[in-house]
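Below, each structure is written out as structure tokens.
One chain, chain A, links the two complexes that follow: it is found with chain B in the first and with chain C in the second.
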Partner chain A sequence: MLLTQTIISGLMIGGIYALISMGLNLILGVVRIINFAHGEYLMIAMYASFLLYSTLGLDPYSSAIIVIILLFLIGLATQKLVIEPILDTPASTKIFVTLGLSIALQNLALMLFNANHRTVHTAYQSKLINIGGITMSLPNIVAFISAIVIAIALYFFLQKTMVGKAIRAVAMQRDAAYLVGINVKRIYILAFGIGTALVGLAGSMLMPIYSVYPTIGTTFVLIAFVVVVLGGMGSMFGAFYGGLFIGVVEALSGLLISPGLKEAIYFIIFILVLLVRPAGIFSRGKGSEEVGLE
Partner chain B sequence: MMNKILSQKFLLIGIILAALVPLIFDNRFYLNIFILILLFATVANAWNVLGGYGGQLSLGHAIFFGLGAYTSSLLFLKSGLSPWLGLLAAVLVSIIAGIVIGFPTFRLKGPYFTLATIAFGEVIRHIALFWRSLTNGSMGVNIPFEPSFTNMIFKEYETYYWLALILFLISLSFMYWVDRTKVGYYLRAIREDQDSAQTLGINTTKYKMIAMILSAGLAGAAGVLYGQYMLYFEPENIFNLNLSIEFVLIVIVGGIGTIYGPLLGAAIVIPLNEILRSSFPMLNGMNFFIYGIVLILIVAFLPNGLLPFLKDLLKGKLLNRKRVKSKIVED
Partner chain C sequence: MKKISSMLLIVVMLFLTACGGGSKGSSGSDDGPIKLGALFPLTGDLALLGEESYRGAELAVEEINANGGINGREVELVKGDAVDPDAAQAEANRLINQENIQSIVGSYSSGIAFAASEVAERNGALYWELGAVADNVTDREYQSILRTNPPASMFSVVHINFIKDVVAAELGKDLSDIKVAIAHEDSSYGTTIADEAEKLAEAEGINVVSIQPYSSTSNDLTSVILNIKKADPDVLIVVSYINDAILISRQMKELNVEVPVFIGSGGGHTMTDFADAVGENSEHILNVDFPQYEINKDATPGMEEFLAAYEEKFGSEPRSGHSLANYMGMKVVLEIIEEADGELDPEKLREVAMNYKVEKNTTATGWGVEFDEVSGQNKLSEPYITQWIDGELITVYPEEVAIEKPKITK
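So, the complex of A and B:
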């Protein structure tokens, strides 16, 4: 029973990991850039959610739409102002620019909000729901369901709509997409915006569960890297399953080995996956060769 | 030939001047900055061998630095071994860690190698936090202040400065060795195009491993001295990803793949850091915020760093002056 309980709670938190990782992977697959600052967008989203709560009294779920739009706009601006000028530079330049962005944003937050953990207080926060003997907290269920809904919505958006098809076309064959008249740069901007918007949703869902502090992004971005490498670079499905998988692994190693070592465990898995199948377990990601691997 | 003798003279004068620094700046604030510059320049040199020459962009050099500090300090605290002997053990442990990390990850290219080094760093940090019986966990390592030569603890900052200078000069001689011998040429070939280098018959794994061993060993030695100087450290600061990033930033600011770039980078970044920290004590994070911005600007506008830029600037001026001179002669 304890085992089932652990697996279920792992899946729940895995939903959040999946959201963040899908955003990272969309940016990676389309813009072909490993965004080290991805975690900082989560941090921004959580602070935005916190500020909307503390100033306007909006609870994180009702302010989610504002946070998502805000993060979408920040994403557009980042791509336009920071990433676009360095698109044709070597991979090392891209690594260090996004790394620099990450450091700058993290410490800007430290300057503005200091290192204190900020939390929101809501009525539903500590509410537990019991289904067939398994207890789950309400915010975890909401986070998980919204992750699934968004994953499905994103899938249909990418498969069925014209814009979605254009995004996939750019991810597959940038030059060919350009030749058939797709505005590649605009698709990049859009993909980056969607990627950060996903993080916006993740931030809103996390706020009732976690507290926010300036370096929270680092923890989550490292998890997202693990998930992306596990699920396959550029693969949306891979990122989704990978997120759930890491959630479960984390929960299980916390139970079976030791809570203090659960992070070490998934990083060891990460290293093993990198060594055995660097392009990912679930699929051979498109564009992985361009970011440094064939 | 003339040039070589000239640069040797400059080097000698530079070393003598550097050795005299503590006599001129007899002030703890300044000496502290100079010691940190030398220690960080040493680790930056170490990173430069692997990352600058070999093109293997590691973001895990805090691992070797931290392992160095932990090895000698724990040997000293738990079994009373003098840190001088601990230094040897620390270098050995760092080199072994370098081999263990390099052996599987050298197959990975570009960002994947970088990600793998980050992951190794995180694993080590979490293990150091978890293994309390050995490392004292997040409480950190506290070396009691008992100054003596065998304890490698000194009252005077001057002694630390000279030790850091010696260590830096050792790392510098390794840099010269790498820069001037086939090792450096092979590493640069690997950096530019690994497949072509392999095709030309360079054993890429072997040379990357040589760079890694050198890099890890030097970083480990610097870690020992850092530990003996600070007398306190804990996993969250010494195995921190930000520390690894700082080493890389120093190299990038100064000039990646150059001999004196890391020193120049450290001489800019460390004082900037200390000045920002002491002038804006209220604004925690100000120094790293500026680091981030500097990193973006340097990478975007001066991808080769400041040293080549300054060289070009100087050469341009000299050339202009020559041109002016020759014009005068013509007239």
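So, the complex of A and C:
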């Protein structure tokens, strides 16, 4: 019973990790940039959701569409103004730029909102679903389902639509895509925008579950990196499975070993995967780390 | 992509460490005023409560200046912004060696206190700690440190005394039948209180059935809560910061886990953000912390004046008990300097401090003053227990300062 509850709870939090990781993965796979400010976009999304709630009284779920559009626009602007100028610089420059962006955004939030924890109050927030003694909270289930829907929708978008195919083409071969007439810069901007829009959705889903404060992003972004590496960089379903996997590993190691050691355990897994199977557990094996989006 | 993977590994490591910088406070240099250093985190992550702490010290200084200062000399606080331990060292150095200051007060955070007092010890200055709780600040037995506030281990003492004096009777159980579980964040703060509580509980014959350490940056504490459920305790002691305090209360509700007596520790459970985030689930949660404001004012003379002065200067109520604890501590520092006739020589001042004694329940926090000869710790200060009752944080223990009886339901 305890074990089942732990696994279910792990899956629920895993859904949240997956939701955050998919956007990060898209940006990594297409633009080939490690976006350390990803967590801060989550923080911005949560503050946006909170502000819409506190000023206009909008429920986080109904304001999700506004937050998603807002984050999409912020993503476009980031790519255009911050990332595009440094695209051809060495990887270390890119890392320092996004890391700097992350620190700047955190401190901006600290200035604007101070370090207080802000919370949204909704009627469904504390609703529990009880199935055979296993309990789940409603907002967790909603977040989980939206992770599944997003994973499937992204898959079809990338496989079936013209734009999706163009995105994959850029991810696989930037130069060849350019030669066949794809506007690579525009695809980058679009991919970055979609990536941050996904975080916008994640932020709206998280607002009923967590309080928002300036450094909330860092607690999630580290796990998102583990998830992305585990699932295979650039693989959408990989990020989804990876999120669930880490969620369950975290919960089980907390229950069976010690809650104080669960971070240590998934970071050990992270290092092992990088050493043994750098393309990720759920990828197609050696070589596919060079391929980009699946 | 392989290159990116290894880069990623390096930078994730890098990301795990924080960064910070320092900035300079004001300075002045004539023989007129009595200059004291004030080292607090005024910007950065710890700014909220660091600044709240500084406000308390500031108010005490303004009060004495309004009453003519010390021997007719004005007291001046020279600020140092100690964002983190590194900045604390740099700022302590500046205050002592460039501003020629011989007494420094601080500092809210134990890491900052530890680093800055090290500098004070090396340079023969006196370091007055008014708010940081880690035991190791005074355990080093330095001649340079005096601390007015209670250390973390005192929190454990209050936890166990409360179980002994109140909980056992209310639950109608023998001490040896009471099961205690402890969940604590795993930095030195949480670990100290938990270890100490475990020791004291065992000495009293109380059963500690489960100890759950966890990282305060966790997003999910299901496993902690399920382990507690398995242990089925009568009393749950939680030592946490605010983020994890919120998470534990919410997830306990989610997983349908209830404990008869829930006692928090430190800042997390007393903050209004906590009550706001968990709503009615905060009701009847007990908490061991510095003195709060819904308290027996007869046992804390001077608190009303403090509250009035605070509101007048800052235009709002205090945001936490930190300003009060620092106000009380600063007043002690100033009174000791007054007794030493404005003499700031560290050795002489320490001697005067050792002979300076104040009875309990005669200060704004209700604390007495008597410094330990060896460690410099004030032996008469202690944290109190408050309880959320109808959305208000009411002091319920110990009896001298309580305004209501603790509500404990079986």
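Structural remarks
What we mean here is this: the second predicted complex is superposed on the first by the 283 of 294 C-alpha atoms of A that agree within 3 Å, B and C clash if a C-alpha of one lies under 4 Å from a C-alpha of the other, contacts with A are read in each partner's own complex, and residues count from 1 in each chain.
In the analysis below, a residue touches a chain if its C-beta (ideal position, glycine included) is under 8 Å from a C-beta of that chain, and two chains touch if they have at least 3 such contacts.
Predicted model, so just to flag it, every value in this text is computed and none were measured.
With chain A as the common reference, chain B cannot sit beside chain C without a clash.
Once chain A of one complex is fitted onto chain A of the other, the partner contacts of A:V97 are limited to chain B, with no touch recorded for chain C.
When chain A is checked against chain B and against chain C, the one touching more of its residues turns out to be C.
After overlaying the two complexes on the shared chain, residue contacts for A:L274 are found with chain B and with chain C alike. Residue contacts after overlaying the shared chain place A:L2 against chain C, while chain B stays out of touching range. In the superposition on chain A, contact of A:G260 is made with both chain B and chain C.
Within the superposed three-chain model, A:I34 lies in touch with chain B and with chain C [touch as defined at top]. Look at A:L105: by the touch rule set out above, it reaches chain B but stays clear of chain C. Contacts of A:P85 after superposition on the shared chain: chain B is touched, whereas chain C is not. In the overlay built on chain A, none of the stretches 164-172, 182-190 or 290-298 of chain C clash with chain B except 182-190. In the superposition on chain A, the residues of chain A contacted by chain B and by chain C overlap at 34, 91-92, 95, 99, 103, 110, 114-115, 218, 222, 225, 229, 258, 260, 263, 270-271, 274, 278.
Against chain A, the residues of chain B that register as touching in their complex are 55, 57, 104-105, 107-116, 118-120, 122-123, 126-127, 129-130, 241-242, 245, 248, 252, 283-289, 291-296, 299-300, 303.
The part of chain A that touches chain B in the complex is made up of residues 34, 82, 85-86, 89, 91-93, 95-97, 99-111, 114-115, 214, 218, 222, 225-226, 229, 258, 260-261, 263-264, 267-268, 270-271, 274-275, 278, 291-293. The part of chain C that touches chain A in the complex is made up of residues 1-9, 11-12, 14-16, 19, 45, 47-48, 186, 212-215, 217-224, 226-227, 229-230, 242-243, 246-247, 250, 253-256, 271, 273-274, 276-277, 279. Looking at the complex, you find that chain A touches chain C at residues 2, 5-6, 9-10, 13, 16, 28, 32, 34, 36, 91-92, 95, 99, 103, 110, 114-119, 121, 126, 128, 130, 135-137, 140, 209-211, 213, 215, 218-220, 222-223, 225, 229, 233-234, 247, 250-255, 258-260, 262-263, 270-271, 274, 278-279, 289-290.
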